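Right, I'll just put the structure down here and ask away after.
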Amino acid sequence: MRSVIRVDGEIVEPANADVVETEPGVYSVLLDGRSFEARVAGAEIAIGGHRFSFEIEDPRAWKRSVGAAGAHGRAVISAPMPGKVVRILVEADEQVEAGQGMVVVEAMKMQNEMKAPRAGRVASIAVHEGDSVVAGAVLASIE
Amino acid sequence: MFRKVLIANRGEIALRIIRTLREMGIASVAVYSDADRAALHVRKADEAAHIGPAPSRESYLNIDRILEAAKKHGVDAIHPGYGFLSENARFAHACVDAGFTFIGPPASAIAAMGSKTEARRLAKSGGAPIAPGTEEGLESPGEALRFARDAGFPVMLKAVAGGGGKGMRRVDREADFVSSFESASSEALRAFGDGRVYVEKLIENAHHVEIQVFGDQHGNMIHLGERECSIQRRHQKVIEESPSPLVVKTPGMRERMGEAAIRAAREAGYFNAGTVEFLAENSGQFYFLEMNTRLQVEHPVTELVTGLDVVRLQMEIAAGTKLPFTQEEIALRGAAIECRIYAEDPGNNFFPSPGKITQLSEPAGPGVRVDSGIYAGWTVPLDYDPMLSKLIVWSDARDRAIDRMLRALGEYHVGGIRTNISLFEAVLNDAGFRAGEIHTNYLDEMLRRGISFEKPADEEVKRIAALVALRQQTETAATAGVASSNGSKWIAIGRDALLQ
Amino acid sequence: MFRKVLIANRGEIALRIIRTLREMGIASVAVYSDADRAALHVRKADEAAHIGPAPSRESYLNIDRILEAAKKHGVDAIHPGYGFLSENARFAHACVDAGFTFIGPPASAIAAMGSKTEARRLAKSGGAPIAPGTEEGLESPGEALRFARDAGFPVMLKAVAGGGGKGMRRVDREADFVSSFESASSEALRAFGDGRVYVEKLIENAHHVEIQVFGDQHGNMIHLGERECSIQRRHQKVIEESPSPLVVKTPGMRERMGEAAIRAAREAGYFNAGTVEFLAENSGQFYFLEMNTRLQVEHPVTELVTGLDVVRLQMEIAAGTKLPFTQEEIALRGAAIECRIYAEDPGNNFFPSPGKITQLSEPAGPGVRVDSGIYAGWTVPLDYDPMLSKLIVWSDARDRAIDRMLRALGEYHVGGIRTNISLFEAVLNDAGFRAGEIHTNYLDEMLRRGISFEKPADEEVKRIAALVALRQQTETAATAGVASSNGSKWIAIGRDALLQ
Amino acid sequence: MRSVIRVDGEIVEPANADVVETEPGVYSVLLDGRSFEARVAGAEIAIGGHRFSFEIEDPRAWKRSVGAAGAHGRAVISAPMPGKVVRILVEADEQVEAGQGMVVVEAMKMQNEMKAPRAGRVASIAVHEGDSVVAGAVLASIE
C-alpha cells in the first residue's frame, strides 16, 4: 500500500527525480537535468517562488485514525498570534470554498482574515466576536 | 576617540553600530529587554545590560534605565540608532547632563526640528521652498479652512508634533474639512499631547527625495547626495535608492536640493548626521517636508554610493573631529538599492508574522550587503517593529542594481515565518519602477490594482513537492521515531485543542 | 548574448559565475562528480549534469564528459572558472570545435603563455623587463650552470611547462646546482611530460604584483589596475589586495606595469580577461613572471576597487561586445583585501581538515563580501582543493580595510572542521603587513619565526567553557535521550575500535 | 554529587553566569555584564579566539565505567583522514606529555603529527610505519 500525498488539497503523484536532503528540511531535487531547491517548514513546502501545503495519508495510519470519530478530513483554523476576534464571516454548517474568509482577527493593529484552507462544511465556530484569543487558539473547523 | 559606547537600540541597527565600533577598536555595550536576551545584538556586543521588561516603554524607551546601564558599564558615549529615543530631545539632554556624549545632533536642534511648523519656518528662512500652508498650528479649523479654500483642494492636515503618520489626513473636499480637522486634532492630542494641526497644499504624485547632510562642531556642513524613497506603503518607506532617478535626469537638482538642505540644517544649529526630506515634482520643483535628526534606516544606500561609513563619521564628529573632506571631494558612484525585509505576509494584507525562524539562508556574493538582526533559531518577538533585516545591493548602474537585487532576493529564504520578499520581487519587476517613474502613492496604487504574490505552479513542480513531502516524512520518522511531526507549532496546538 | 552557459568547475567559483549569469538572465548549467551531488553549486544552478566519479581526472578534468553535458543541455558557451581545465589549450580548442563559445582567451594564446620560456619571449618582445635568464629550456645542466656562474647565485630553476610550483628549485650555491637541476627536470618530466628547465636570476624579497588585463575581439585592450599577492605560503597566495601598497607609493609604477602587461598580452594575440604577473623590487623595478590566461581566484579585489563585474565583462567580451570603456574611464577607489579560507589546521602544519561542517556563521554588514561554496551540513570532500570560500572586504583606505577584515574574521565561524582563519588574524595584526612592507617570503618567514595560533586564555574563560560544557551535556541528554554524545565522529570510531 | 568538568585536562569550576543556547551548540553567556559566545563542536568549545577540549565525569556514570576494565581514563589517538603512517615517535609504556607528537601520518601530501591529548603512559601502539590507515583508525592510546 502506498501513501497518498495531497498538495494544496489535490492528490498528486510524486515526481520521479533525484532528491537529497542537504540541510534539515532543505532538499536538492534534480529532474531531467534541471535543479530545484525545496524547503519544508511545518506543513508547507516552498519551491522557487511557489508555496504548497501538503498532507500525507499513510494507509496504515489511516486505518487507525478512522476509529477516531471523524478526525480524519477535519481542517482547523487557528489564530497565528494573540489577538481579538473582530468579525465572523461564516455560519456553522455553511459550505465554504478554499480561500474563503472565515474569521477576522486583529493583532498588532492589523486585521487578518483567516481563510478556509480547503473547501468543506463549517463544522464548528469556536469563538465569538470580541473574544481575545491566544496564539494557536482554534477559531473554527471544516469537515 | 571614545573607549566604550552604549547603543540604546536593538535589532539590525544595533548590530550595524557594533560592527563599526569593533572596526574602530571601541568597546560596545548592548541593552536588552526580557524579550531580547537571545537577540543577535546581545550576542555580538562586547557587553550587555538588561534594561527591563518587553514593552518598549519599560525598556528601550526608559531613559532612566538606559542611563543607569551607561553608568554601570562606564561608557563615554551613547548612540541612539533610529526610532525609540533617537529623536527625543529630552533623552539627548539627559545623556549630556549625565556626562555622556550623545552621538547625534544637539538637543536644541532635535527640539526645533521636532515641531513641524518650526521646522518649516527654519527651512523657509534658510531659503528652502516649502509647500504653501499655514505658518502656525491651529486648534480650531477656521483659519485652516480659509487657507484651504484659497489654495484649493486637496490639502493635507498634519500634526505640529507629528511623526509616524499620526494626526495626518488628506482632505479632498471642503465638505469633509471640519470633521477631518477635528479627528486629526484629537488623534494628535492623544498621540503627542498636542492637538495643534496645520494645513498644507497637497503635492500629488510627488517623489520622496531626501538629502543626507553632515555637519561637524566647527561650523562645516556638507551633503552626501540624495536618496529616493518614493516606494512606500501607507507612508512607510519599503524601498530606497541612491541616486534618485528623478535627480539624475534633472540638471542641477542635486546641487539645489543639497544647498537647501544644508541651509535648513544650519538654521537649526545642526551638527552630526541628519536627513532633510523633500517632496519633488517631475518638473524638478521640490518642497521641504521635514528633517529627521538621526541616522536613517536607509543610510546604507548612501554608504554604498559615496564609499563612506556613515556611522564611523558620526562617531568622529561626536568626538569633535572636523569633517575630513569637502563637498567637492564627495562623489557618487554607481547605484544602490535597499529593501526592508519585514516579518509580514503580503498575501494576507501584510499581517505581521512573528514567530520562530526555523531556516535561514541569506544572500551573498558580489555587490550584496545584508544588515540583519536575525538568525536561524531566533523567535521574532511580537513586541517590536517586525523589520528583520535590510538587503542592500550596489552595481555600476541602476538597471543592473535592480537585476542584482532580484538575484539576491531569490537567494533569501526565511523559514517558519512569512516575509515581504515577494512584494519586492513584484515591484522590482514592474516596468514603471524600472523606468524610475515613481511617486509616494505608487506602491499603494499597485497594491490596489492587485499583485499576485503566489506564482502559479505547473504540474511538474507540484509533483516535486509531493516527492519532497514523502521524503520529509521519511526523514522525520527516522530522526524523531514518530510517523508525523510535520505540523508547525500552532497547527499542533490547534489539533490538541480539538481533541480536548 | 548567450541563452545558456555551462560552468566547467565547482565550489565558490561556480557559484560566483552562476550569480552573474542569473543577473544577466542567462541560464546556468552546473557539472558535478559523485562527490558533489549535494554541493552548493549544484543546488543553486538552473540545471546540473553528472560528469563522473570523484577523482578530477575522471570528472572535472574529463573533456569528453564535459562536452557531452554541454551538448545534452544545449548550452551556447562554456566558462572554465580557474584551475581544472581553465588553462588547457586543448579544452579551449575542443569547446570551439564542438560549436561552443569558450569564455576566455583564444586557444593559441593559452598555448603560447603555457610555455614559460615562450611567455618570457613574448613579454620581452613587447618591451617588458624580464629577470635575466636562459632563453630556452634545457635538458642538461651545462648551459644553465654557465648562466648561473655569470649572473651569480642564488638562481631559480623553473620548468618550461611549469605551474603550481612543480619543477621549481632555488639554488644558493654552485655545489648544489647539478643535483638541483636533475631533480627539477625529473619532477617536471613526471608532472608535465616535459623535462626542460630554464634558469633565472632570483629576485629576492620581491613583491608579487600582477596586472588584470582585458581585451575585446576588436583589438582594444585595457588594464584594471594591479593586485598585490605577496602574502604566500609555499608559493601559494593566501592574501591578495588592490591597490598594491608598493605601487601606491611609487609614482608612475601602475602606468608602466599596465603598459608592459598590455603589450605582453597583445604579443600573444590575447583577448578576454587575463593576468600578467610580475616580481617587483622595493625600488619599483619589476620583472615579468608569467601570464595566467583565465579568471583569477583573487579577481574580487579588482571588482571592489574598480566597481566592475569582471565575470559579466567576460561574458560580454566572449559574445563579441566591444570593451564598454576606455583606460581613462577606469578609476580605482578605496582598498580591497581578500583572504582565502581553507579547510586546514594552521596549528598543525596546515594539515588539510576535510569533514562535515556542523555549524556555519558567515560575516556580513558594511563592506563585506563572502564568495562561498559551503553550507552548514556540507561535507568538505577529500578529493579537491580545500578552499572553502573567499572573504573580501572593501573600505575607503587600506588601514580601515584591514580593521574591517579583522572584524569580519571575528564573525566567521566554521564548526566541525579546522580553518586557517587564525592565520589571517596573525598576519593582519602584524606591523610589517600593516605597513605594506611585504614580499613573497614574508609569510614563510613569519611562520618560521613561529606564530601562536592559540590565544592564551585566562581562568575566567575556562570557567565559562566549563559552564557551557555542562549545559551542552544537559541539552544533548535532553534531545537525544543519552547522557553523552559529545564525541566527534572520528573519536567515536576510535572508541568503538578500542572496545572490539 | 556534582559532575567534574575537565577543560584542557584540568578540573575547572563552572562560572556562575547567565547562559542561553541560541542555536544548536551555540551559547550566549553573560558574565558580569560582558557578552561571550561559545560554540561546541564535538568535544571542543570555541570562545572568541580560544579553543578548549572538555570532558565531563558524571559521578554516577563513573561508578559504572569503573567496571569496564580501565576504559576510564584511556585516551585514543586516531587518524582524522585516510593516510599512511610515516613515522612513530613514541614507544609502548613510555611516559608522554600533553601535546607531544606520537605518530606522523601523511595524507593529501601533507605530514600531520598526531599529538597526545593529555599526559600519560602509552598503553598501545596500534600501527606500524608504512601502514595505510582509514579515517578514524586507532593509532595509539594513552592511559
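Going in written order, the chains are labelled A, B, C and D, and every chain counts its residues from 1.
Criterion: a residue touches a chain if its C-beta (ideal position, glycine included) is under 8 Å from a C-beta of that chain, and two chains touch if they have at least 3 such contacts.
Please read these numbers as outputs of a predicted model, since none were measured by experiment.
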Item to complete: Could you run down the chains that neighbour chain A and chain D together?
Response: B, C
Worksheet entry | Pair joined by the larger number of C-beta contacts - B-D, A-B | A-B
Worksheet item: chain A to chain C: how many Å between their CA centres?
Response: 49
Item to complete: Return the distance between the CA-based centres of chain C and chain D, expressed in whole Å.
Response: 34
Worksheet, complete the sentence: chain C touches at least 2 other chains through residues 44, 375
Discussion item. Could you pull out the residues of chain A that touch at least 2 other chains?
Written reply: 23-24
Discussion item. Under the definition above, what is the set of chain A residues touching chain B in their complex?
Written reply: 3, 5, 7-8, 10, 12-17, 19, 21, 23-27, 29, 31, 36, 38-52, 54, 56, 58, 61, 71, 74, 76-82, 107-108, 110-113, 115, 135-138, 141
Worksheet, complete the sentence: In the complex, the residues of chain C that touch chain A are 30, 37-38, 42-49, 72-73, 375-378
Worksheet entry | chain A-touching residues of chain B, taken from the complex the two chains share | 348-355, 358-359, 382, 386, 413, 415-416, 422, 425, 454-455, 457, 460-473, 475, 483-484, 486-495, 497-499
Worksheet entry | Touching residues (chain side chain B, partner chain C) in the complex | 15-16, 19-20, 22-25, 44, 300, 303, 307-309, 333-334, 361-362, 364-372, 375, 395-396, 400, 403-404, 406-407, 410-411
Response to the item:
Within their complex, chain D touches chain B through residues 18, 20, 22-24, 28, 30, 33-35, 37
